[in-house]
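Take this structure, written in structure tokens, and hold onto it; I'll ask about it next.
Chain IDs A, B, C and D follow the sequence of writing; residue 1 opens each chain.
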């Protein structure tokens, strides 16, 4: 079987260089180009790339995608900064190239995506739900973006199912003890030397609790998701937003 | 809105008496009958039961279900001992009463059902999967039936997805250190005073792990699942096997 | 070997009745009296009690202890409400009966006592320490008294060792995300249906974390500590405050 | 205050180079020499080293320590392969230099040392104790040396306290389900991609459990222990075996 021909754009960044290595080591993929700032996009065409992994920055991503779509190269995009305008523009380009697929993923960690998905599915069956996220102490924001997003998804699922508010008889509390309130879901942020990025969703009902925990212990955790996306995107024409749509969860 | 009229059969058993209480306390349900060994099934008809929760024993369940189906009463069944023959017989009865629904559930703990389901869905995305189950030290079998079933579901999902065998470089091990092998999935059984029934599924890939843990801390953990089933079974004609089909997970 | 003769005062309360059962079942102890409100203390003398477990209320405890000390009966006291004045009074009584021992313990859970002790010992070796406590949602205060006390002990140990403040680069946080501040130690309170009383101390330094977790799953968790205290108090004359002093930890 | 003058022997190994960096970055220490295979030990004397961190191999360590003791340089030793004969030889050398201190530590992770210590202290208070160790799947042995050692310490503490055997009603078990038996303590070994080195000690009694967990997430976890040892060894003449003796735990 011939290997899928994959290029990496942004190959000299921290995630990009990991992606170069991960593609090279995958038995069913062939790394045909690895370009960075200042390199020419034409290299991808000359190298016969079928899929390009785009890991650059908001200033570069639109130009790169315009090129990829025009040349029939599928895209797997980790670059952030997406707005409705940008997505609309991308959709216009893709409409003119109906065979090309582009996946944009805010998070390529399969574990993080599954945690959010499972939390969302389980949320309506339990009286109580709280989120604890734990990170290294150099992190600037609390809660983490992932935890906030997870809590929002949980709250939306509960609202849709008509769940009652969570039980909480607290009458006397120190400031902050009960965490941050994200749409009615308490979120607690721990900052601890020795940790990287971790998240725990706790769900409880009469006589039982369910805990879904994701531990990210190295930034290479994005690689399995990037490879999975590269393999899947050629058969997913048009725009897909979110890795969960490639996980066949339903 | 009129309340759903629910009866309990096997109302004097440990789970049965919990069910009587749970149905009584549910605002949208009305407990119309609670019968046990020696009581007449006709009571259910006289009481106008729409749903009967059946929590007896393998010697009594078929007679009870025959009666329920013939009288148009939906069934929620926790009694065990199902064989293909029994299921076939039940299907025959239900074919003659196309509006009646019967749910049979080996496990009414929503947390346990979700754990199995999520483990099954996640299994194919991770290189490594192991199961740890932890119970009180009076338990006679190891691993627990739930852990064995969970490992089998994981193994089947991985086989279907064509996953490679799990990595394991162990060359020197004490007997038992690496757990029991259930279809290629290691299962570890802890027996500890102070515990009731707990299960943890650990999934790992490059740079990340995902853990799904279920803690059952009281046998009342079955009640939310029984109530959910009672509410859903009137709109699910025919035979449903497994609570997961009432959880709208996909 | 003759059994130690033990009485229970407050025998009809929730903890008291558990204590009656636990003493009865212990092979090396003999339950010689079990009295409650309205019963006469003289019963203890007539029964030849060597140790009395005192589980009443702040209104009754001083009278009971006065009697015990005067009659040469050792005391194991779980009743709360101790002030410096009360302790001074008790010490005066004990000075007149130098062979009598009284243990007062705010917490008879050996697991809780060890958790506090270990947290205190470990606190100075790690850059970061946080506490998460998790309880049922009917609890009125947050954090729990045990968690507050644990954080205070941790903070004191760190201050004594001259530890630097904990690292925390948070610049943007939702209200409450980083928990309550107890003497510089963040404490997070989770309230979840299905839980009873749980506490986790997380300590982290470069490349490693240490977690000490206590799960109390039934109020019978006080029993092993009460029995241990009953066995030890006859050889510990005078006043001992805190079960940790009977655990031979140093 | 003048800084403590520290040298590293074995400075080009993986742990050695981490130690060079850690000593350099510590505000109260000065790195005065960093030597490796082929470099002359006299460098340490010329550089005025007060303490040498020895991270070489069993073939080199004795020669290095002979030199250090003779020149009045304290040693912090991570090299393995110690036998009674070697320790006796070292003690003879130290007897002739009564002011010199040498610490040999099989494990410089403070978290691992505390876990063993706490497990040992807690072991006699709980009916049940089990150990779960979790490592990356490239590990060759199961259980890990640390887990085996931990279980042996637990078993010895229980034997000394006269504890009864652990309760375990298992009558029907799959091979390996109940783990490896290390002196009566069950030990379970998990091998999972995404993990590094982790250990959990579970202790349980009526109504409560205590869990002590150590997560080693990077080999830099040895550094805080090495620095602590370097600071302490000048005031600990003679031979000390085990970092726990420098932790003032009792």
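We take it that a contact is a pair of C-beta atoms (placed from the backbone, for glycine too) under 8 Å apart; a residue touches a chain by one contact, two chains touch by 3 or more.
Molecules present, by chain and UniProt name: A, B, C, D = 4-hydroxy-tetrahydrodipicolinate reductase.
A quick note: this is a predicted structure, and the numbers were derived from the prediction, not measured.
Separation of subunit A from subunit C in touch steps, taking the shortest path, is 1.
Taking the mean of C-alpha positions as each chain's centre, the chain lying farthest from the centre of subunit C is A. Two chain pairs are in question, C-D and A-D; the one with more C-beta pairs in contact is C-D. After Cα superposition, the angle needed to carry subunit A onto subunit B is 180 degrees, rounded to a multiple of 5.
Once the centre of each chain is set as its mean CA position, subunit C and subunit D turn out to be 33 Å apart. Centre-to-centre spacing of subunit A and subunit D amounts to 39 Å, using the average Cα coordinate of each chain. In subunit D, the residues that reach two or more other chains under the touch definition are 126, 194-195, 203, 205-209, 215, 217, 221. Subunit A meets subunit B in the complex at residues 109-112, 114-115, 118, 121-122, 125-126, 203, 205-224, 228, 247, 249-250. Partner subunit B is touched in their complex by these residues of subunit C: 194-196, 215, 217, 221. Subunit D contributes residues 126-128, 130, 132, 134, 137-143, 148, 166-182, 186-195, 202-209 to its touches with subunit B in the complex.
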